[in-house]
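Below you'll find the structure, written out as structure tokens, and then a few comments.
By written order: A, B, C and D. Residues from 1 in each chain.
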Amino acid sequence: MQLLYFAWVRERIGLPRETIETKARTVAELVAELKAREDRYAAAFADLSALRVALDQELADFDAPLDGVREVAFFPPMTGG
Amino acid sequence: MDIRVQSDPFDFGAEAEAFAQRQGGMGAVVTFTGIVRDAAGSLVSMEIEHYPGMTEKALEEHAHEALTRFQLGDVLIVHRFGAMRPGEMIMMVATAAPHRADAFQGAEFLMDYLKSRAPFWKKEITRSGTDWVAPRHEDEDALGRW
Amino acid sequence: MDIRVQSDPFDFGAEAEAFAQRQGGMGAVVTFTGIVRDAAGSLVSMEIEHYPGMTEKALEEHAHEALTRFQLGDVLIVHRFGAMRPGEMIMMVATAAPHRADAFQGAEFLMDYLKSRAPFWKKEITRSGTDWVAPRHEDEDALGRW
Amino acid sequence: MQLLYFAWVRERIGLPRETIETKARTVAELVAELKAREDRYAAAFADLSALRVALDQELADFDAPLDGVREVAFFPPMTGG
């Protein structure tokens, strides 16, 4: 599974993307797995209300299932325009 | 429908003129342009990050929804990413419709979605440091009306 | 503030670009353009009559009200009179503000007033005759929201 | 007093402007005076709800007084933009 990080999520974790193997069934489980890994992940995912997630380039909720998903992106609320 | 995501500057006047000229049967054209604003007087530059692939997809979805919802004849979106200085244009949208109410609403709808639902993130580089722009409550609230 | 009432065509792209470029400190620019629309497919030309003297006065009053009401940084209005063919631009307004909501509202306010309170009258010359354009109820109703 | 006519009011009356002497105290009295003059005025002023009036280039009501007014304009509802 491909993970992508943008804006300050990318800066806190220290890389823009990585490929992982996971058995997480939902986004929330994946986040818990990542937080347990290292402090920089714990810091990036400390406040989920300040985060957004996209599954295969569509906005999703943190309780969304990961079946068949190839690309998961984490980022702060968007500020375009 | 014309959607472009690019780092290069765009020529607002030429885009607006070409868009208006190619609208047969439309009585109303509305454009919106966002400009890098130095509110505090200390902005050196602004940097916009985006999510290649998803950005184009999200903009296309919003444009399609605007087209059908407001019966627009046409939609143009140009959005830049990368570094920009104060006064530079960040993005523009243009809408065309038979009557003005739809053209205005279509443009406002696009802007409201683009602000909070298209994957762009702004970072301000000021003389005292750098900061990711926080989302404005008004922008999230604005989505409530659609 | 720049208000012009003229029979000559205007260069929408150049006006829009120049307006946007001269807005220091404004983050949002909105333009509206009205185009002669041949809804029935039989329009030969449109003729706009106006009331010289009162027209400029009315437009200035509306522009001043928009400036203060929506805290706009600037307003541009260009309105033509005389004969125009389908596809030609009749008029444009442009507004600039720190944020987009004010720029949009300022432009819509100006258009609503301009449609029903500035002394312009449209006459359509079609293949079957000539007719003064009747006011639309929507246009009168639109004033109610301000 | 200068009278101005625009759009179909001008076409029905058959002239764009004229100078008149009047003792009318309000717009309504002036309209009554004009209607009594000739058929083309009666035709132009037949339906006041389809007419607008401006006094010295400001929109006004039909019961507005004419004291000190130099220019009165009659026209249909405006259709600019």
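Annotations for the structure displayed:
Simple rule for what comes next: a residue touches a chain if its C-beta (ideal position, glycine included) is under 8 Å from a C-beta of that chain, and two chains touch if they have at least 3 such contacts.
This is a predicted model, so every value here is computed, not measured.
Per-chain Cα centroids separate subunit C from subunit D by 26 Å.
Here the CA centre of subunit A is 48 Å from the CA centre of subunit C. In this assembly, the C-alpha centroid of subunit A lies 71 Å from the C-alpha centroid of subunit D. In subunit C, the positions touching at least two other chains are 34, 100, 111. Within subunit D, residues 81 each touch two or more of the remaining chains. Because contacts link the chains only in sequence, without closing, their graph is best described as a line. Contact annotation for chain pairs lists A-B, B-C, C-D, with touch applied as defined. Subunit C makes touch with subunit D in their complex at residues 34, 48-51, 53-54, 57-58, 79, 90-91, 111, 114-123, 132-135, 139-140. Interface residues of subunit D facing subunit C in the complex, by the touch rule stated above, are 4, 6-8, 10, 54, 57-59, 73, 75-81.
Residues 11-18, 20, 23-39, 87, 89, 98-101, 103-104, 107-108, 111, 138, 142 of subunit B touch subunit C in their complex.
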